[in-house]
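Quick heads-up: structures coming right below.
One chain, chain A, links the two complexes that follow: it is found with chain B in the first and with chain C in the second.
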Partner chain A sequence: MLKQKALIQVLEQANTNEVTSAILFNKEGLLLGQSGEEVSPTWISSIWACFDRRDLNESIIVMDEGIIGIAPVANMLLALKASKKAEIGMVRAKLRAMAKYLEGPISMIERDV
Partner chain B sequence: MSSRRKVLLMGKSGSGKTSMRSIIFANYIARDCSRLGPTIEVEHAHVRFLGNLVLHLWDCGGQESFMENFLVSQKDQIFKNVQVLIYVFDVESREFEKDLRYYQSCLEALLQNSPKAQVFCLIHKMDLIEEDHREETFKKREADVLRYSELAARPHQVERENAVCQCFKSSIWDETLYKAWSTIVYKLVPNVGIMEEKLKKFAAILDADEIILFERATFLVIAHAETREHKDSHRFEKVSNIIKQFKLSCRCHFELESMHVKNSSFSAFIDTFTANTFIMVVLRDGNASVAATQLNIKLARPHFEKLE
Partner chain C sequence: MEIVRSLEDVRNSIEGVSSIFIADKDGAVVCSVGDELRQRSAIIQSHRNVVEQASRLQMGGHKASMFFFDPTQLIILSFPSFCAFFLASHQTNTGQILHSRRQLEPIISEIRAVIATETPISLDYD
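Showing the complex of A and B:
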């Protein structure tokens, strides 16, 4: 089972160095947990769906207002949102570390469904 | 393995036996009940409850000639192998003494033929009594019923623990009917204890204030677990009543699958659970994730399917 509180505590750890929020959601765009400021999982999942191929490991979108990094975790998606002052390398490193950390537990949950 | 329970539904003519049976098991709404005619002799109804528990309802007509028959010539047939007797009293009856004597005779016949049966009495049509007098009238009627139960049970006391039965007040116009039937059904379902244990664990994992399990067809409460005390003790019956009314008002052929109600201080999920149950999860957090909760409900499902 997925403990929402525990998940949020994990996600909160990403919120430093200009990263303002971290969210985990499924491919339909439904939120499982989020920390920090609100981000719409719906449009992030639709962006991902546009690029999605089996070998897509991550995507970093740099915009005027900030940076968004997306990576798959088992059958779900993890996204980090950072301000425009953030270093792209740092966002990417955090995204990878967080995705790797969540991969084991989340795939275990999904296996049982 | 399917288990059968023979349930006798008895009481004076016009006391509302068939009406309540129709509301609980046949999706009638209260005002449709005025169309029901009197029951002739015995109407049998098989109700599948929780999948493999079959309630065999014997709705016994209440007119005096039938009653005499039941007590004399059909005594064995009626009162053998009974698991439950539900006796319905009309609270407004002008001949309450007479009703009580019939009750005593029925109970005596039951005790001779099925000494292990459980007995429940419903003091029905409580809505006809003014609200201020309800409790008082009920108490008075209950005392009478208990007195007559004792009278009937005294010679058989040895092997019988629940000789003095349980009384409920009920009315088809509010949630008291569900309350009474839920309590009755609760005693018929095997392994309710294990179910409640599991629900408690589930509630702890989800951090839920309360989890309630409903039977799918009737929406009667089967089991519940609460982690935080709730002040309204009638909430289960209210939910049963509301959901059932809602399902009926939809007037469509779609099955209710799931429902999500939330405001800033709580969120409640009602979801199909096992083949025979619905689950309701109440979380204190108004922003609880729908997807995560549904995922957890899905994950819990197999554990409860094993129990049925």
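Showing the complex of A and C:
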């Protein structure tokens, strides 16, 4: 079973070095867990869907006011939102590390469902 | 010709970049160098959808997008009225592509100047 509190604690670990939000949601934009500033999973899942292919590993969108990083975790999506002061390499590194960490537990939930 | 040559210089300066193309705000390709891509219009359309969805996040205008596929990466740089698309191998230095914005700015300005000086074709009969 998914421990919501533990999931949020894990997501919270990303929120340093100008990363302001970490969010886990499914491809339909339904939220599983979020830490930090509120971000709409609906729009982020729509962004991912624009280029969604089996071989898409990661996507980074740089906007005037910040950066969004998205990566798949099992059949879900993990997104990090960072301020414009954040370094893209740091956002990518955190995204990869967190996606790798969550891959095992989230795959297990999917199997149970 | 000078525009194409300058764009080719940008492509040659970054190892692993197979194709660069520049599209205007309507999605029409203005110039391209390197491999001819079959899915070019699909990429442009997908990018337009990304920009539209991203605008809803209230984070200002679009500056750049990076999509990392298994053997390739797609980097898109936004300029006023134009977008530059880079298709490169997975090993290509992404930072180098992002820094090529400075090299692209004069090329984009030149494209803008060429388009501005083009005389519109009139379809009216005298």
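Operating definition for what follows: the second predicted complex is superposed on the first by the 113 of 113 C-alpha atoms of A that agree within 3 Å, B and C clash if a C-alpha of one lies under 4 Å from a C-alpha of the other, contacts with A are read in each partner's own complex, and residues count from 1 in each chain.
Going forward, a residue touches a chain if its C-beta (ideal position, glycine included) is under 8 Å from a C-beta of that chain, and two chains touch if they have at least 3 such contacts.
Keep in mind that this is a model prediction, so the values were computed, not measured.
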Chain C versus chain B on the shared chain A, clash or fit after superposition: fit
Please indicate which partner A:109 is in contact with in the superposed arrangement: first for chain B, second for chain C, both, or neither. first
Name the contact category of A:10: first (chain B only), second (chain C only), both, or neither. neither
Three-chain overlay, vertex chain A: chain B-chain C angle, C-alpha, nearest 10 degrees: 140
Per the overlay, which chain contacts more chain A residues, chain B or chain C? C
Between chain B and chain C, whom does A:2 touch in the aligned arrangement: first, second, both, or neither? first
Touching A:30, do we find chain B (first), chain C (second), both, or neither? first
Could you look at A:90 and tell me whether it touches chain B, chain C, both or neither (first, second, both, neither)? neither
Between chain B (first) and chain C (second), which, if any, makes contact with A:57: first, second, both or neither? second
Pick out the closest CA atoms of chain B and chain C after fitting on chain A and give their distance in Å. 20
Across the two complexes, find the residues of chain A that touch chain B and also touch chain C. none
Provide the residue numbers of chain A that touch chain B in the complex, in ascending order. 1-5, 7, 25-26, 28, 30-33, 109, 112-113
Chain A residues touching chain C - in the complex, by the definition given at the top: 39-40, 43-44, 46-47, 50-51, 53, 55-66, 68, 88-89
Report the residues of chain C in contact with chain A in the complex, numbered from low to high. 46-47, 49-50, 53-54, 56-71, 74, 95, 98
Could you list, by residue number, the parts of chain B that touch chain A in their complex? 205-207, 285, 288-292, 295-296, 298-300
